[in-house]
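Letters A, B, C and D name the chains as they come in the text, with residue numbers starting at 1 for each one.
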Amino acid sequence: MNTFGRFYRCTTFGESHGKALGVVIDGAPSGIPFCEDDIIPFLQRRRPGLSPLSTPRKEEDMPEILSGVFNGKTTGTPIAIIVRNTSQNSADYEPLKDLCRPGHADYTYDARYGHENRDWRGGGRSSGRETVARVLGGSLAAKILAEHGVTFESRIVSIHGETAPEKFESVILAAKENGDSVGGVAEVRVRGLPAGIGNPVFGKLDALLAAAVMSIGAVKGVEIGDGFAAADVFGSENNDCMRSDMRSDSSSPISTISSDSSSPVKFLSNHAGGILGGISNGNDIVIRFAVKPTPSISKAQETVDTDGKNADISVKGRHDPCIVPRILVVAECMTAMTILDSLMESSSAKF
Amino acid sequence: MNTFGRFYRCTTFGESHGKALGVVIDGAPSGIPFCEDDIIPFLQRRRPGLSPLSTPRKEEDMPEILSGVFNGKTTGTPIAIIVRNTSQNSADYEPLKDLCRPGHADYTYDARYGHENRDWRGGGRSSGRETVARVLGGSLAAKILAEHGVTFESRIVSIHGETAPEKFESVILAAKENGDSVGGVAEVRVRGLPAGIGNPVFGKLDALLAAAVMSIGAVKGVEIGDGFAAADVFGSENNDCMRSDMRSDSSSPISTISSDSSSPVKFLSNHAGGILGGISNGNDIVIRFAVKPTPSISKAQETVDTDGKNADISVKGRHDPCIVPRILVVAECMTAMTILDSLMESSSAKF
Amino acid sequence: MNTFGRFYRCTTFGESHGKALGVVIDGAPSGIPFCEDDIIPFLQRRRPGLSPLSTPRKEEDMPEILSGVFNGKTTGTPIAIIVRNTSQNSADYEPLKDLCRPGHADYTYDARYGHENRDWRGGGRSSGRETVARVLGGSLAAKILAEHGVTFESRIVSIHGETAPEKFESVILAAKENGDSVGGVAEVRVRGLPAGIGNPVFGKLDALLAAAVMSIGAVKGVEIGDGFAAADVFGSENNDCMRSDMRSDSSSPISTISSDSSSPVKFLSNHAGGILGGISNGNDIVIRFAVKPTPSISKAQETVDTDGKNADISVKGRHDPCIVPRILVVAECMTAMTILDSLMESSSAKF
Amino acid sequence: MNTFGRFYRCTTFGESHGKALGVVIDGAPSGIPFCEDDIIPFLQRRRPGLSPLSTPRKEEDMPEILSGVFNGKTTGTPIAIIVRNTSQNSADYEPLKDLCRPGHADYTYDARYGHENRDWRGGGRSSGRETVARVLGGSLAAKILAEHGVTFESRIVSIHGETAPEKFESVILAAKENGDSVGGVAEVRVRGLPAGIGNPVFGKLDALLAAAVMSIGAVKGVEIGDGFAAADVFGSENNDCMRSDMRSDSSSPISTISSDSSSPVKFLSNHAGGILGGISNGNDIVIRFAVKPTPSISKAQETVDTDGKNADISVKGRHDPCIVPRILVVAECMTAMTILDSLMESSSAKF
């Protein structure tokens, strides 16, 4: 399934070393100003090679909008955007093509599709490069939401357990020098979303966000608000109480209050991360997620080849020793697509 | 969105104090032996009142299959199953109907649907009782999977931070006596799933599982395999290496090996929780999730009423001080539906 | 696939002689007044036994709303409605259970699901009685649309080629006396739908309507507007020209005009049946469809049994010699669900 | 909605005079040999300019596969294919950009998306050129089906009421000389599909085919088998009786027989067009559809402009006076996608 969303639907395609990656965005409103320049800053945030901590590959990702935009505005018809692959060097991967890289999807793709059908060049579809297409789709979602006052912020919470930002670089470099890699925890925060967006039961906003973020390659855990910490406190500590600044002689129904950004009702805390019963409550939406250490390491490891024989492997080449910094924009984009989708669902019943 | 799954599709309905809860299961194979007796053990596992730790309500949940089963076997047409609500006492909720219970969905449902349209009796659709319908749908999924050798196990990992099972009861009772509640962490483990089930990108098995489990009312965090702990170790520690017992003079492609339950290729660890690149690798699938403390507590708390005025609230009545024990079967059922759905997707391209 | 619609989603279930038929309606707006009395008139229109032309079976179809309605209004959560089967006499079908009735789905269900899994009682899921659930789902759709000024009208165009209404009865009775059956053509007309509802390409309103109506058991052809007759005329005859009553010194963009029911722009004809490029143009939507003669006839016919052996068959019992009159309300209901779904899709991008 | 299918999912994009048209095919099996040369013959069949009857535009449609194919075979990941637009001359359309062409979607697109957001160049997304993307998606579907023995044939049934093929050309030329256009009726026939493919109720194979074909721009009516003619005959004439060649001392269940292409059970006629109860019966699937006359004619017609004022219009330029010949391959492709999708659904429950 390569389509994300039910209302704002992004269908992505593309392999790491194929001709191009891309997205078809279906369901976007018409009349939104949109052009390549809106996308480029998002692509640059996921670009490697911007710091010594990232892979030295230089990806010059230039987006090209093929359809759905006319005179600088969306038309309401599907918007196809592609990014051509240009700097790939598949020869690097030739020695690995018959080995199952530990921590990678080689073994499972072979099981699913047959080894002879796996594009081994740069990891093919299972490469982190696949996220280029997510960023294409998310850049428009973020723009639409920004016009409605909904904005995104993301940050690194920790790298390899270290929470002091000034130490992130040294932690990563130490691992790299050792032929190893590290992971971390990151957070996306959504500001300005009114209360009342989302759905009960299976379409809960937190459920959709969990799927959105967990679908990013290296993510192994997701939590909303206090998340796992909520499991260790009392109900009286975890509940977010409410208080109203409304004058005691007036009154106004919650359904009116909550859609007002200057609502007199405030939550006294935000342990819930902005979602109750699957529906936004007007507080910041807070999503945190765990990123595993990059599986491509130059340290030798035991594995098998695609004939089922034992082998040793050492993955050389230009690999990020830590992808947490680059994953932030991808997580923001997935969050933006999810939020917009729920917003559209909520709107569909109002006509 | 009240339908779960794309192939094995469960559409649920029902409110806590409405006439009935139920599910329509669409897409199940024909010829599966299935009757009410297959469901009852599942319902009993989520039943309250079985221990002093649970609510003293007595829910006599009797399932009734309305369609899709003939002569004791599924026909391939949709299977509707209902459970009538019988022991509900809505009067308990009358004093709360115009208050926004902290930690509950009252405020957000009002924002979404309008206060006058919210069924406040027992929490309506946002009640934990909604999970009865999930169990109805999951019981058939689990049965079908069991016929294919796929089984489920679940356990409580911790209650309020306490990991020693013999102390769970005292931790819960202490909270209850204090008018408070506790949460915990639980785990579902899937055994016997062959490699090659799941999908790349948005339909990753871990992404679908995250959504499945996070869609359960009180769940605030989900992790696969080592989850958040993976963020703190080196790549060389987190990668699951492989080794083959195959005789060195023979060979067999991975795609054949991995679908064989007596595969000669073994993973030396299971940090990944059985999933690589969104696709099962033949190891146990391991999902852990955080359950928040029950929001209904008798301790007084600040809140607002549905007119936006300040109020104090104390939620009396028969509420579980900890729902972790009852949630296990629900999480197993959601996992079963997800696994079956991915298995069917994988089969759809083989004809 | 037993779910219809993407926004207003109706999932139906039930067999002719099973315990109950029903629907789960998901996605309906909250706050719509709705109760069993809104449904009964629709069910009565599809009821047999109201005239000598229909089957003498007496179906006392009493709907029961199980969820999603509170204090007489929809809550926004799924609305489950069931109708218990009461007057079925499965013994009538016992002699036929191992025969493939010509014109029926016995042969194809056996091929799809296995003969041993087919509920042969009254045709099971393939029975026309399945449409009860469509009427349940359509009755709410029609009510919602009526509140927005969209109404439905249906009529019989011809019975067995006869177009004079006063002769319909005698044509049907003549067939019946001969142990035979007849079909006909019917039309549904939608009034009051504003321009701009529908979608390009695969979600064209006419494509969705074609699927909706063709999904009714005995329907073998569908046309929109002039339909097949349009194939035989010149472009200059088939195009619907437009004329404006707007004063020549004023102007207003079409997108504003067309959503105004008192639009100054008029089409001079309606060959297109109200749809251009898949989107409504403000004219009446006109759908016509062909209903085949009832396949259950008492005349003897050649067939095979489920072991593949030759047999003769004569279908005795209470069967309509012509189902065109009863199908009108079903076609209206399918049309209403389709129109509402497209209306909700069009609304989803406006927020 | 620009995605077709639930299992074999084709998402199309592109405008008549935009940069490119294309498709993303998601869900195709892995290991299918596929390259541009498989597509080109399909594109050539829909190409204009091949006879004096078609538009003299010369479209050099060269497909480019961007993803999902490796070493000449499908990988199981999404297959993106684009065709760049090269020979478009938007200046031809400049004089028409503020007029609502009768029979076209200008008026309704303006109502749906706003006039300022409509790509008027060559009709934009509502152009018949959109079908290029359908042919891209259908070419792979047809190839996959051919490997399973399922093939397609299409033919023109009539042009402007004329059924003698040798007169088609003169009928079209006569209309053209008169500044007018003609329509016709065409038929697609599917051979080799085994019994048991399709679904009951809303996913009926005939319902899906009706939507598939009706979604093609100029199609105004669809019928299966005898279609509208079935409405005028008796049940005893319309039912397709069955006869078995099986030796009388043997027996075999229908579910086994019907999946065997050399089945001993034969239908004595095919009034049903190969579908009973929404499921294939092993006979040829027969779909017929009505194509309206091309709306672009040079004869002057009354219309309005996008400010709602009266105007006269004469559509000059390179337009087909009859598109029936070019639509055949599009209808085949839509049929192929539909059949493959149903085949995959039927397979999903067999694992």
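Please note the rule applied: contacts are C-beta pairs under 8 Å (C-beta built on N, C-alpha and C of every residue); 3 or more make two chains touch, one makes a residue touch a chain.
Because the structure is a prediction, the values reported are computed rather than measured.
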Chain separated most widely from chain D, comparing mean CA positions: B
Pair sharing more residue contacts (C-beta pairs) when C-D is set against B-D: C-D
Between chain C and chain D, centroid-to-centroid distance (C-alpha), Å: 24
Centroid spacing, where centroids are CA-atom means, of chain A and chain D in whole angstrom: 37
Distance from chain D to chain B - Cα centre to Cα centre, in angstrom: 43
Shared-contact residues (touching 2 or more other chains) in chain B: 1-3, 6, 12, 30, 76-77, 112-114, 125, 200, 345-346
Interfacial residue positions of chain D with respect to chain C in the complex: 1-4, 6, 12, 100, 102-105, 107-115, 125-126, 130, 158, 160-161, 175, 178, 180-185, 194-204, 206-215, 217, 220-244, 246, 248, 251-255, 257-259, 264-265, 268, 272-273, 275-282, 290-297, 299, 301-304, 306-310, 345-346
Of all residues in chain C, those that touch chain A in their complex: 6-7, 27-30, 76-77, 148, 200, 343-351
Complex contacts: residues of chain D adjacent to chain A: 1-3, 9, 11-15, 18-22, 24, 26, 30-31, 64-68, 70-71, 73-80, 82, 112-114, 116-119, 121, 124-125
